[in-house]
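Encoded as structure tokens, the structure appears first; notes follow it.
Read from first to last, the chains carry the letters A, B, C and D; within each, the first residue is number 1.
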Amino acid sequence: MATSQARSSPGPDGAEGLSGERLVGAYRTMVLARTLDERCLALQRQGRIGFYAPHAGQEATLVGSALALEPDDWVFPAYRELAVALVRGVPLQAIIDQLFGNADDLCRGRQMPNHFAFRDQRFVSASSPIGTQITQAVGAGIAAKLRKAPIATITYFGDGATSSNDFHAGLNFAGVYRAPTVFLCQNNEWAISLPREQQTKSATLAMKAEAYGFPGVVVDGNDLRAVHAAVRRARARAVAGEGPTLIEAQVYRLGPHSTSDDPRRYRPDAQVDAARQRDPVHRLRAELGTAGLLDDAADAKIAEEARAALTAAIAHAEAAAPVEPLSLFDDVFARRTPRLDAERAEAAQHLAEAKRP
Amino acid sequence: MSELTLVQAVNRGLAEAMRADPDVLVLGEDVGVNGGVFRATDGLLKEFGADRVLDTPLSETGIVGSAIGMALYGLKPVAEIQFLDFIYPAFDQIVSELAKMRYRSGGQYPCHVVVRAPYGGGIKGGLYHSQSTEAYFCHTAGLKVVVPSTPADAKGLLLSAIADEDPVIFLEPKRIYRSVTGEVPEGATRVPFGQARSVRSGTDVSLFAYGAMIPVVTEAATALEAEGISAEVLDLRTLVPLDEEAVLRSVGRTGRAVVVHEAARFCGFGAELSALLAEKAFYSLKAPIARVTGYDTPFPYALENVYLPSVERVVAAARETVRAS
Amino acid sequence: MSELTLVQAVNRGLAEAMRADPDVLVLGEDVGVNGGVFRATDGLLKEFGADRVLDTPLSETGIVGSAIGMALYGLKPVAEIQFLDFIYPAFDQIVSELAKMRYRSGGQYPCHVVVRAPYGGGIKGGLYHSQSTEAYFCHTAGLKVVVPSTPADAKGLLLSAIADEDPVIFLEPKRIYRSVTGEVPEGATRVPFGQARSVRSGTDVSLFAYGAMIPVVTEAATALEAEGISAEVLDLRTLVPLDEEAVLRSVGRTGRAVVVHEAARFCGFGAELSALLAEKAFYSLKAPIARVTGYDTPFPYALENVYLPSVERVVAAARETVRAS
Amino acid sequence: MATSQARSSPGPDGAEGLSGERLVGAYRTMVLARTLDERCLALQRQGRIGFYAPHAGQEATLVGSALALEPDDWVFPAYRELAVALVRGVPLQAIIDQLFGNADDLCRGRQMPNHFAFRDQRFVSASSPIGTQITQAVGAGIAAKLRKAPIATITYFGDGATSSNDFHAGLNFAGVYRAPTVFLCQNNEWAISLPREQQTKSATLAMKAEAYGFPGVVVDGNDLRAVHAAVRRARARAVAGEGPTLIEAQVYRLGPHSTSDDPRRYRPDAQVDAARQRDPVHRLRAELGTAGLLDDAADAKIAEEARAALTAAIAHAEAAAPVEPLSLFDDVFARRTPRLDAERAEAAQHLAEAKRP
């Protein structure tokens, strides 16, 4: 598995800091994630997948934060966190299958691309409504604390989500119950077309934590090690019973909001170009080079492996069966009600008639 | 067996469920120290402690959102919303998250939360302490919706709700919290979902109702008897899943139906019952299906007795239905 | 007259209303610089400036709450909710405040806000970019609920909505935003509320629908004609106030009804139509009333074509209804 | 009118500060409000009104803030602000009629007691759901600003309401649009049974304003002049285009949450006794005495006038007609729909039948 090197278990460097080996693993994951992004934007243009929400520009934050977690921690993501899933050991194939919504998709083709759920990796089901995962992460954190489990919950959300009802309720509950929750706000400067400074007038997003009685910190989201360290500290605080932390990771959304978006309508290319200078993948590449941890040959190999892994996974996903039509009626409840049985029979009949010549 | 009021039966149900299963916990506004504004959670804090009875900040968004997180983690939260009228700050969490979690995750993340809320009028509560908006929840795929009308059902259905694997909206008829008393079995005697309760049988007309309308409809049936009209009364108990068979069977016998609820008529739950009958009992029907409901106005304060279905209105509708054919 | 798509007609309606009345303003997420994610508000910022086209923070609570305040002050806000699926953070403001403001203040505080939202499936949007939850709003006394299906109606009904004195939930069928084009009158040609539109007349069966289901139902009627079944198609246009007379008149003629909508069946708007007919057209009915609707599951992604009413499903239901008697 | 002295128009003391005469007027209103409170608690116990939510302990904040407003300002109240209505010139009779829900009630008997609406005084319709008035006040403020009206909007809410969705959305919108809105949080230490320190972990409620980019101030809510000055400053800022202010007025709810509440279940009598030492009515009485503005005879006269005015208003309200039953169907919409007409006819028939012997 191309991603297993980045698996989040304490490395030889102990709980804090990242060894050279793990840094290279992180880089490998970031390259895979970036390549996946590019490939998926193309797949969507070709009509092979229905939608895609890219994360380019946010890889250092995603991978750095995920590396700071332990396997028993719980992740409550939004829709740009597939790189977190990769770090947690979710097979690339499972991610690609979700994007295609095929019969192998663990979500059974129920959700739009990018709305993942991976139970085994404690990567909770994402949804589109902005912010709703935040209170849920707090609830899981309170539950863990009541059970005296030495874990943290982490939730990812954007700058726009700080305006949501759940941000307010979630952070307030976390403060009141000292929930072991890490709030990871990826401030990528934009909420679709709304710039950060029109989203809210607080000087930083991090400082909003003070309104709930716990600390907020700002971190350079392009700096993998800084993000890792910040999340590591927040996690330690959480597990030690010292309560929640809000981390504002300052990044930039290099791509469009999603494949439905045309960012040229609302932001100047110059801003994007400037942000490209801070590209987190290039930055880590440079750092690894300087540290003698990666040379061009190794880098080329990593890139090639990513491409190959993706090509294989995509081919596999496209060859997979489509979801079974009558599975529409499953999972509404633990067991189908008589009414769902009746509707299922109704649909079965229509499907049968539609098949008749 | 002990003789309890409906709200005492709820309290008993909660206490027994918490004793039987350490994963069950209660959260909401004023549920701890104060024992709930209706005393439904009285004594729970003392017996189970602040780890299992959480007095929350004033945020229904937070209550239901965090209850979902607790359920995902593996606990069995029972969230109290102080009045159904105040559930709307949590509506996004309920309809977008709670109802769809199992489905959207392909069954990976079941999400079992019980949301309890007192509902309904008749307590001089005006617009915001009186509403019956069960139809919103019934129309939301993925939620079960329960409305008990007796103390025994209140406890038995609550135990089923807490034991269920799916999210349950549990609506308590606060108007009869204390006015109705009855024998309640001790121990884990669950009342299963999806089974209507026959309150009385009859041959001329079927009266369908639930919750606080059951005493009204029952009294109407008695009055109708005096007029020589034999009315059957069915307490639906669980609106989702609905006991369609019992409804169809009843109209199969009587050929006439009157649907009664407090909620506004337009797109109310009664519409679904009418539609069900117009679809599946068409050939049994001898008369138009009548609805006796709240009117299509907000819930009033001074005029709640004009608004709410009364014994007289139910009797008049049943009489007309019987006379029509 | 000009030939416009449905979304262009919405845009035209907004622009004309804003030109005619300086009190009209538009607010919502991405409605300004970006011109709306569907381009419904394209060009408005440029023409009317940032004082009348407000790009808001990401909070539907804030959008509708502040729109209410603006309306109380005397402006005529038109709030855009990016997708109907995202209206729930504003649900409390809509059902508790907007719908009840005039009533609870004894008429002192009318509150005229138009809430526009694209709704419905067919765009591969999955659970959260596809829902049709009009029934929630129809069941809420105090709200008018409008669903156009043609460009002319989109503009004409929107102008009526903006001119109305009551709050209006204006649901736009995004699936046919661009696929349907039509002649749209210039100027303030309002389409009145409470009047259904006869799409085609027929004698054997009445097909009732609205919004994005109109093309589906119309195609079904054509297919039925080929089978020798004469189907009448009624576009309800405003669900509240409902043109009950037109509905009853149609079934008075045909004796048979098929109700079609995208929303889940249970307690959906179709139930109200069935109930209305079972109550007031009982003696005209020759066959059970059929409902062709979304199923009682959350809205799916991969399987939306199984979920959504299709021409074939409408044809089958109509055929069965006609054969039944 | 017993309350007219407290009318909020710039007195001879100019816009700032309160003249001796206005202070006596303020005291008169506070005494009336306190007497009304006591009378209404009794009326409820006697079953003559259905419900009551007392404001005892909050009079200085209510009257002091209202005196700082101008007639064209808009008030968005919760349910403990009848003293604000008095200051704005709402006749006592109109308030009492609402509590009785009779035919003279401007709200036509539609709402529970304390849920007032007085259009002429720009006292907007109150509702029960906590916090909803906050975003509305901001919207009205934005509207006033767009219209270039030199006014402010003010909204009243409790400590509990700071946890509401509308608090978050309202303050955020106010910050973003620099709305001319004054947020008056009456921190009375309790939200029914929840003490302030369990409602949220921020050190003060006022500091929450910083999360939205504008100032928050704490004021002793038992000090009428301090409250007046704080609101006056906030209003000036608002009208000058400098944006919103959050004011936390620290008070204490001396009575029960409402007539449905038994506070002995959750708070010790000692705490209430201690708060009584800071009773804002007694405090102003003492200050006026020291300043030579009020002697015992004048005080007794004020008390007597309040009692008499209330007795008369209550008698009048009880003698008024009940609301007309078929008015149930009015004001749902500007005009009744055909369906409402039909339901009205249905109700009329039932009412007629019920009247028949």
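As a working rule, a residue touches a chain if its C-beta (ideal position, glycine included) is under 8 Å from a C-beta of that chain, and two chains touch if they have at least 3 such contacts.
Small disclaimer: the values here were computed from a predicted structure and weren't measured.
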Report task. If we define chain centres by averaging CA atoms, which chain lands farthest from chain C? Would you check? Result -> D
Query raised in the report: Distance from the CA centroid of chain B to that of chain C, rounded to the nearest Å?
Result: 30
Query raised in the report: Per the centroid of Cα atoms for each chain, what is the distance between chain C and chain D, given in Å?
Result: 39
Requested in this report: Report the inter-chain centroid distance for chain A and chain C in whole angstrom, where each centroid is the mean of the CA atoms.
Outcome: 35
Query raised in the report: Touching two or more other chains, which residues of chain D qualify?
Result: 108, 110-111, 115, 127, 129, 163, 165, 168-169, 172, 176, 198-200, 332, 339
Query raised in the report: Of all the residues in chain C, which ones touch at least 2 other chains?
Result: 56-57, 59, 61-62, 85, 88-89, 92, 96, 100, 103-104, 127-128, 141-142, 240, 266, 295-298
Query raised in the report: Draw the chains as dots and join the ones that touch; what shape do you get: line, ring, star, complete or other?
Result: complete
Report task. Name, in rising order, each residue of chain D that touches chain C in their complex. Result -> 74, 76, 105-108, 110-111, 115, 117-119, 124-125, 127, 129, 132, 134-144, 146-147, 153, 165-166, 168-170, 172-173, 176-177, 330-334, 337-339
Report task. Would you mind writing out the residues of chain B in touch with chain D in their complex? Result -> 29-30, 32-35, 37, 55-59, 61-62, 85-86, 88-89, 124-129, 265-266, 295-298, 300-303, 306-307, 310, 312-313, 316
**Report entry** List of chain C residues in touch with chain D within their complex
**Finding:** 25, 51-52, 54, 56-57, 59, 61-62, 64-75, 77, 89, 92-93, 96-97, 100-110, 141-142, 144, 164-166, 194, 240-242, 244-245
Report summary line: Listed in rising order, the residues of chain D that touch chain B in the complex are 50-51, 101-102, 108-112, 115, 127-130, 160-161, 163-165, 191-194, 198-200, 260-261, 265-266, 322-323, 325, 327-329, 332, 339-340, 343, 347, 350-351, 353-354
Query raised in the report: chain C touches which residues of chain B in the complex?
Result: 85, 88-89, 91-92, 95-96, 99-100, 103-104, 127-128, 133, 135-136, 138-142, 240, 263-264, 266-272, 274-275, 277-280, 282-283, 285, 287-291, 295-298
